[in-house]
Amino acid sequence: MSEIDIDELRKNFGRRLRIGFIGGGRDSVIGGTHLAAMRVDGFFELYAGVFSVDPTVSEATARAEFLDADRVYESFNEMAEKEALREDGIEVVLIAAPPHIHFEAAKVFLTKGIDVICEKPIAVSREQASQLDDLAQQQSRLFCLTHCYAGYPMVREARAMVRSGQLGKIRILEAELAAGDPGVSFEPKNPADRHWRFRENIMGKGAILGEVASHAHHLLHYIYGEEISAVSAEMSTFVPRREVYDNAYLTTRYHSGARGRIWGSYIAAGNDHGLCFRIYGELGGLQWHQEDPEVLWFKPIGGQAQRIARGYQNLSPWATRGSRFRPGHPEGYALAFANLYADFGCAVMARQLGLPYEQFYKALPNTSDGVVTMSLIEAAVESNCNDGRWQAVLSASSADSK
Amino acid sequence: MSEIDIDELRKNFGRRLRIGFIGGGRDSVIGGTHLAAMRVDGFFELYAGVFSVDPTVSEATARAEFLDADRVYESFNEMAEKEALREDGIEVVLIAAPPHIHFEAAKVFLTKGIDVICEKPIAVSREQASQLDDLAQQQSRLFCLTHCYAGYPMVREARAMVRSGQLGKIRILEAELAAGDPGVSFEPKNPADRHWRFRENIMGKGAILGEVASHAHHLLHYIYGEEISAVSAEMSTFVPRREVYDNAYLTTRYHSGARGRIWGSYIAAGNDHGLCFRIYGELGGLQWHQEDPEVLWFKPIGGQAQRIARGYQNLSPWATRGSRFRPGHPEGYALAFANLYADFGCAVMARQLGLPYEQFYKALPNTSDGVVTMSLIEAAVESNCNDGRWQAVLSASSADSK
Amino acid sequence: MSEIDIDELRKNFGRRLRIGFIGGGRDSVIGGTHLAAMRVDGFFELYAGVFSVDPTVSEATARAEFLDADRVYESFNEMAEKEALREDGIEVVLIAAPPHIHFEAAKVFLTKGIDVICEKPIAVSREQASQLDDLAQQQSRLFCLTHCYAGYPMVREARAMVRSGQLGKIRILEAELAAGDPGVSFEPKNPADRHWRFRENIMGKGAILGEVASHAHHLLHYIYGEEISAVSAEMSTFVPRREVYDNAYLTTRYHSGARGRIWGSYIAAGNDHGLCFRIYGELGGLQWHQEDPEVLWFKPIGGQAQRIARGYQNLSPWATRGSRFRPGHPEGYALAFANLYADFGCAVMARQLGLPYEQFYKALPNTSDGVVTMSLIEAAVESNCNDGRWQAVLSASSADSK
Amino acid sequence: MSEIDIDELRKNFGRRLRIGFIGGGRDSVIGGTHLAAMRVDGFFELYAGVFSVDPTVSEATARAEFLDADRVYESFNEMAEKEALREDGIEVVLIAAPPHIHFEAAKVFLTKGIDVICEKPIAVSREQASQLDDLAQQQSRLFCLTHCYAGYPMVREARAMVRSGQLGKIRILEAELAAGDPGVSFEPKNPADRHWRFRENIMGKGAILGEVASHAHHLLHYIYGEEISAVSAEMSTFVPRREVYDNAYLTTRYHSGARGRIWGSYIAAGNDHGLCFRIYGELGGLQWHQEDPEVLWFKPIGGQAQRIARGYQNLSPWATRGSRFRPGHPEGYALAFANLYADFGCAVMARQLGLPYEQFYKALPNTSDGVVTMSLIEAAVESNCNDGRWQAVLSASSADSK
């Protein structure tokens, strides 16, 4: 089966895909990112939305995005209901509301036969993640979990290098998302003023694992593929009045024999974004930092460090597919994110046209990634409550897991 | 006069601007960049085009961009004629064809009352540049010359720093665009196979100045504003069979007393992109490299180097306006380019709504920048033919200049 | 009490200090480093030695260093005995033999009234370290433990910054020495051919903690000063046939409430040296990498990153004392190491002249640092054998500790 | 002829070389650097000196360096006279006094049969440089011109790479030493208070070429070897009251057809040291910055950038000879400078023992390098006075040159 040419696919499809948003209004940080990422390649057109819990914001967003007035809804249930009935109804929905909404929203749209793009974490428990995994399969729907950093060409190159054996047998896997914005350094006296991200009753005490550590873990999982067998965790709260943990250290053991560490933090004061990974095998080590995303460093044992940059002909198809400009023209975060929309858009169009879509879909994080992350999170919480003792992590595919 | 809120402007305008393309088809490198940059913010929608001299390419591009069949034209004259008559005709045209086309194409569209976005160099002579400058004013049309690097937030921050006196009196200005792709390292034996960029009969022997050195010069001009008074030039040809110069060294003197150098090259073998500048004043020096565009380095005399990164609150309004993400999320080339489209889109919408548009338009390179660059180019060619002697550069505003 | 001028001290002392070496012959990696570091400032002259267990190497080293033939000894006991009797006997001894020799050698020379410079780890148990700590005090001898990275000016600046409160209350302390030379990636089939560093019977199974992790730990201890209260450890062996652990992960808790991690590794394949630290407090974070040692990065929360470079006037006296050249002239490893010899040489000369020597001695790692590191090591070994459970670390000053 | 083993050479010579200093006292910046560099390897011992024009400083320096009182002299003539008569007289002299002293001092010591280490620039005219070149040959004396940056292993690797053809035919050579210390940003009102470096009557108006630009030029000459055929120069004075030029731009043409630029500056405000070079050939480009001296970047055309670091086995003998530590242990400026002393020390010892010394001497800048630099300087001054016109540079070997 030969590769599908993307311009041919566009010509055959003949129009943009219709998408709707849950969340992502002008009062949200992530909304502008999704809009830009979605628009870069012109695969999608925004047609509908519940952009905010605040109807004024939701309507203002809709107008500034040139939407028809009757496509702004008051709830995701209403949107699912009405859009499913329209001839020109949305074909894809983005779920960018807080995590405790994800499960219910995803369920409704999957059931209505609408493909889903969902912000991480996929849900608030391993059980919910497993149900969505099953449901997507039953309904034959496509599902993209926006671990957006998986869209960077050099992350994809790392995946190709690790899986093709260029590092030899993998021994060490380290990743972190240790941030420290002033915005998260303080808790208001009045609990009602605290951000939903830091409320124990909504998010659980270990919310940091899903909110932050999950991106670090996902990078390693996306690249390596092997699962963690056990975890030892230390979680702490540093900021006064905070209800949840704001620093999480995980030490990990893999079924393959590899060892590693994951660090998620809100109190790495001064760090800008702080997402990075390092992977060491028998033959060398690989490093990548999200703040310098065009470059992957490979250091073979005994040899000179190799700076592997985006855009060169010696890269794998995984990296070249998501690469748009010649070397020396930095692409950055929005284009990495756009790669998820591009792959998902192509997959959805191809499937609608009855074409094989796996070539696009295989690069995307999906419900299965969500199950893997939630399994780790639940074991880590357990270890932390148990004096740091090693806790087994359920396998995504195990019978116990569902 | 208060600042116009962009979301309000969008809501009042109520739709996207209609744009047409001359060039930029699937057979062009720059086409994809313009498409992505134009789409990021959703201000423009592509409606018409002459995408290529090859009608098959032009039509294929149009279909893949979902255009109506009757909006694909055979010549820019036909497009100008017909679009000007349509109720839903294009309001803006992008001229991305080779430089010797720019003058005629721009003239036609300006005359038809259509605003122009034009690739650099603006034209092939100072005389042509001056005529376009006059015409744009007579026709009250907006004109954006896509010196795209002027869209980077940190270039704009440099402009704000230099102009507010943070470096003290400026003494030294250096810039270069020294590239060395394998693609330009060789000339075919058959002159007919050579790229138009390297043909003396089309481009003139000093074409490198407009193609490459102009970006380096424009960065300095955009930031500093003062004009060069005289130039000493050394131009050479290294690649066998090449008809034009492929390396240009300019040493410069400014009316202000500053000195500097500009380097444009096709034979800096191995360089990726190679665009950078350094500016030194009495109080310190400023550096920026396009390949690491989020960071501006300021080194005050006697003090620690200052890494000035995009996204922080201590930046000037010039830098924050074009900044989309929090620090640590690299933006890159496409978003810098998109800033030109955003400013131009807002300016065009504001003017159509009878609102002041200068707050958007002032950040954009325009016909006047084109005249300044063409003046330098003509003096440099003269010096190079005259044993490197200093040659006076005509001022953009001088009586002689028109 | 005013500071002692070093040139005055030199003039008053009127000659170089006489030093002898145990180990450090031409067959040792570290010997050349000690020779260069010792010579840079001209405080010491080599007079005697047992340079190697191989007498041929020992003699060849002595001749190449222009030593008198009767000052080359067969054992450290003989050297201590005979040198103590000479009028021109050595005043300082360097112990650069393998760790299991340190305790006996140090004891002999301290007892003979000779000041000691000793390679890390100080000994093979907490008990031995404590005994040396006591003995040095009883004998009123000076003792320098060559945690050489404490000689870098920017490490000393970090100490000054942390201790003066510039980071606010410290929350997170991370350090690592994760190396991966080809030289340590393989174990010979014949156990007799294995390096002493990797033999369980000589070094114990957790030798990596003293050999490698101790440098990482010492950096944090040197800078922060506070002690670790408990540790959770994961130690693994990756290289086939290896008798000892070759990767060690420690998670740490401090009495102060801070948390942290230490990583020591021989299997971070491809890493050059890999020593670095990161420290986060309420107000910002600090980073330093030994491979770029002139620069300390301070990132205040919410503010631009600050590149703090060696040689500037805004640095603390701790950093300026060990700084030799103007900014822009990199100093590197040998001069950092030389700073330990310089401080120790000045301390020894000052004490011999009856002057206060604390101003020099206070910057040096000593027996007390050795006790702290050995305490951590013993607790880490315990935790690793106990399913990763948290293990209390004995305090250096506790009654239990001796 | 096989390579001489350095330890064998040391053993056979059996003692350190006796050196004397002209200049380099405690009132000089460069003195401490020479002392450290000279001591690192233990090839030299300081025995005599005229350390300063101020006898108090000279004596204080001597005492702090443990010299005998009768080896401190009032003039270099006296020192040459008396040391030449002593059995234990100096065998090597360092000339670190201001440039207008170099010629007379070097002449005296060469004539007395004493080998010379001399600071740059070698003299104040091409004529003087040529005379020293002749004299050294007539007297069969060794002469090292301390263009100290030629001691960096990675500069030597660049030489090996360029000369072995790894870059193909060389096209572009750029170098600069553009500094901007606060110390040189101001001129006192009273001409008598101005530093000798900025006095026209002592140094000539173009002194910046010998003081600063000469290091940049020498790097290129050391690496490439080919001579410049013509130069176009622009020299300016920016600092008020300054008697000499403080910025020099040279554009260059080589006999080989290559082109290039050299920049020397005192007014690049904020730069730390600012020495760097870039060399482009048909096959790729090479870059090196003195402030990051362990790394040489090679960018082959069309290929990934190669970070070539010190200490690896794939380097040429030129780089490995001057490399002391394993990768990851930065060496820096003092050890690069020490490499000049090491090579010179070995050359002097070898010649005294009747052994071939070329293997050591060939790596060192000598009188011939001095002639080449002075030739360029005189042509540049001429071009600057002649409206920037191209001025021919005398060849070092031409009949006209002496």
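Residue numbering begins at 1 within each chain, and the chains themselves are lettered A, B, C and D in the order written.
Operating definition for what follows: a residue touches a chain if its C-beta (ideal position, glycine included) is under 8 Å from a C-beta of that chain, and two chains touch if they have at least 3 such contacts.
Worth saying up front: this structure is predicted, and the values here are computed from it rather than measured.
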Shortest walk length in steps over touching chains, chain B through to chain D: 1
Which of B-C and C-D has more C-beta contact pairs: C-D
Where chain B and chain C are represented by their mean Cα positions, the distance between them in whole Å: 56
Separation of mean Cα positions, chain C and chain A [Å, integer]: 44
Whole-Å gap between the CA centroids of chain C and chain D: 36
Chain B: positions in contact with at least two other chains: 181, 271-272, 302-303, 305, 309
In the complex with chain B, residue positions of chain A that touch it: 7, 10-11, 14-16, 26, 29, 32-33, 35-36, 39-42, 60, 63-66, 179, 181, 271-274, 290-293, 309, 324-335
In the complex with chain D, residue positions of chain A that touch it: 302-309, 312-314
Of all residues in chain A, those that touch chain C in their complex: 167-168, 171-172, 180-182, 185, 232, 234, 236, 238, 247, 249, 251, 253, 259, 261, 263, 265, 267-272, 278, 280-285, 298-303, 305, 387-390
